[in-house]
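First the structure, which I've put down as structure tokens, then a few questions once you've had a look.
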Amino acid sequence: MSTTVNGPSNNGARPQSWSQSWTHFSVDRRSLGYCRITFDHPPINTITATTVAELAELVGLIEQDSDLNVVVFDSANPDFYLAHYDIENNPGATAALGIGPTGLSAWNDVLVRLARAPIVSIAAIRGRARGAGSEFVLACDLRFASHEHTLLGQWEVGIGIVPAGGPMARLSRLVGRGRALEILLVADDLDGPRAERYGYVNRAVADDRLDGEVEAIAVRLARFDHEAIARTKSYVDLTTLPSNSELTPPVNDFRELFGRPAQQAQWTRLQQLGLNTDSDLERSLGQRLVDSLPDQYP
Amino acid sequence: MSTTVNGPSNNGARPQSWSQSWTHFSVDRRSLGYCRITFDHPPINTITATTVAELAELVGLIEQDSDLNVVVFDSANPDFYLAHYDIENNPGATAALGIGPTGLSAWNDVLVRLARAPIVSIAAIRGRARGAGSEFVLACDLRFASHEHTLLGQWEVGIGIVPAGGPMARLSRLVGRGRALEILLVADDLDGPRAERYGYVNRAVADDRLDGEVEAIAVRLARFDHEAIARTKSYVDLTTLPSNSELTPPVNDFRELFGRPAQQAQWTRLQQLGLNTDSDLERSLGQRLVDSLPDQYP
Amino acid sequence: MSTTVNGPSNNGARPQSWSQSWTHFSVDRRSLGYCRITFDHPPINTITATTVAELAELVGLIEQDSDLNVVVFDSANPDFYLAHYDIENNPGATAALGIGPTGLSAWNDVLVRLARAPIVSIAAIRGRARGAGSEFVLACDLRFASHEHTLLGQWEVGIGIVPAGGPMARLSRLVGRGRALEILLVADDLDGPRAERYGYVNRAVADDRLDGEVEAIAVRLARFDHEAIARTKSYVDLTTLPSNSELTPPVNDFRELFGRPAQQAQWTRLQQLGLNTDSDLERSLGQRLVDSLPDQYP
């Protein structure tokens, strides 16, 4: 399968604009129609204020590039797709990201704009994606996951907070009330087959076929008519996307609940157990988060 | 896996309040955070006016108990979870239940309040749950079913009436139009694997692992922060729960259609065939209800 | 399994009214309650202006016949259920169909009225159903598909247009955003098992059991009370059907995009490759439509 890049670019955002230096991911514009983003933020692809700022810039490029049809997001680390948010013990850095063009705070702004962009975004998931990592894949249009090497989850309730990047709004619509409540409240990891059965991902694909299958879909989409993709997607958006007003209240809950002494103490305990490093805690976070619960304290 | 019950109870509803005598189920407050309700109304766990009244009282306790995180509902009878409603040839007893705090009639009031309660309700389903029994599990937050020993269904259309406890509203949102219409209009039983495939339950679990898996989830939830559970659930409620106004019109249809001579005659015929007893009719109700249809009459 | 036809017909639309001569399908009124429609428009069951006109008439009969409970739609051609729309190089014939009673243009009018009709419509799918063929099965209440011999898809985006018969509205609600976007934007075929996993059909049934299973369901439904079916379905309609206003804008997009020179050229190329005939192109349309894309032109 090969792509022929031809025809004039019909707007001002040239592929060259994409060639700035990014620090938490690399960008490979494989053809006019197809771009691949590879998350690469060692050791475990946490999302930080820097990641959010770079994604905001990237989404701005995506929105303005009418040559582009498809963006694939994968990971350089086969064990971690996007671990979760890391506040880097510096809440000010995240707060300083401010409000985006949608009027939402930065993280929700990135996710909402990506979901509404006139292209097809594809999460090619291998490894772990929890919390904000899960929120990112839920904002992508299509999700394909390694059958053998995927762990997805929203762990927030297990650490005493409310998820702030829209998963109540998105999972409820995607997998239905019962399974959304299980994912959000039990706050454990789902593997690839269960994620497929629940509808959390489009499909779990055998690990050795995942890259080929996503590549074939991306190359196919790159050749389609941009306007047909954009308009058809916009009608699905009307029926399936949450309103922006649904996304702000949980952010306030997150801040209030995370600021409580018990949750701050649990966060400290998680760091002692290996949070944000390539630790056993991070590899089995769904199960092991219980080791940080208050009644385990000495 | 063990639970440590600690910390002060932060409201007035003491666990002791739960220790009244219940007649259609037993109550086991296993820890401050975790309560188990076991339906036990021989011979087949029909739901009667008494069951509804007791459930209304139980839901009142659940709503006021801010120590509580999770309530598991299971059955003492492995063949019948909750058979269906039994009007006990005394419609007056059901009518006398009146209107609940939500402004809905008693059965819908119980279901709506359970669905909105700030805890996680779990149906651990083994055996048959049809009609109002299915409506009850649909109002629970999570549904886990025995892979081998589950039969779920809404049989009402097969006896010429409209289901009155909200399954059009709840199934439509949970499993989508096509499968909701099949469940409601074909009115046959679904076994565990099909219920999982359709999204009617979260998961079908091998019978010998069902109790252990539900217990592990309940014990886990009991240790989580109550406020994180309650607020996160409330955002899912906003997207997934029907409005109360959807629930009343079908109750009127039910009354009108059930009052017709042909349906009264079919009901009599069902009683002759073994309704409300541990009969072959009840064990295979989805299939055998056709034996009560008018054109089988002599 | 046998059906007893009895009882007086309680309205004016006698079964005899159905016996006119139809050209694109046959009609078999198997009992008062049960009618079977078999698509038979060689060579591949394309949908044309004639098909739409006949279906409009048929749906009018269905709406007025209060004896009828269930209508099964199958195909005389095991390889093609309903290929897709064939404009017969005569857009005027389609335009002349005008506006139906719902105020929608003819094709959407037929689909909306079928979906709201007070009966159970069942698509018994064997063979290919793409584009308008897929739109038809999505407007039916229940969809059962041959496990081995089904290919479903919305190919429109692959030929540079927007689907005009409601699949953005219907698939979004039926299978969720992620899978709806995949079906609509990747525009490839889904086989029976994948269609079941995605919820595109109720179930994929082994080919040699499909006819028997659908027959059993139809015969069962034919015996049920018409009023119970109609009223129960109407409550599911309230929650699951799109508003009519969602259906018109994509029709305008379709017209605008299809009128572009590149899309007209692609259409000509498809005809050269065997469109509307029993060709390899039609048998593998999801894959082979890429052979008609502009950058393959000499």
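To keep things simple, chains are lettered A, B and C as they appear, and every chain counts its residues starting from 1.
Just so we're on the same page, a contact is a pair of C-beta atoms (placed from the backbone, for glycine too) under 8 Å apart; a residue touches a chain by one contact, two chains touch by 3 or more.
Note that this is a predicted model, so its numbers are computed, not measured.
Trainee: Shared interface numbers for chain A and chain C above half of all numbers used, same, or below, different?
Mentor: Different-residue interface.
Trainee: Expressed in ° and rounded to a multiple of 5, what is the rotation angle of the C-alpha superposition of chain B on chain C?
Mentor: Superposing the C-alpha atoms of chain B on chain C needs a rotation of 120 degrees.
Trainee: What whole-number Å value describes the gap between the mean CA coordinates of chain A and chain C?
Mentor: Centres of chain A and chain C (C-alpha means) sit 36 Å apart.
Trainee: Identify all positions of chain C at which a residue touches two or more other chains, and write them in rising order.
Mentor: Within chain C, residues 173, 175, 199 contact more than one other chain.
Trainee: In their complex, what parts of chain A are in touch with chain C?
Mentor: By the definition above, chain A touches chain C via 4, 6, 120, 141-143, 173-175, 196, 199, 201-203, 217, 220-221, 223-225, 227-229, 231-233, 235-236, 238-241.
Trainee: Provide the residue numbers of chain B that touch chain C in the complex, in ascending order.
Mentor: Checking each residue of chain B against chain C gives 156-163, 168-169, 171-173, 175-182, 184-188, 197-199, 242, 246, 249-250, 253, 257, 262-263, 290, 293, 295.
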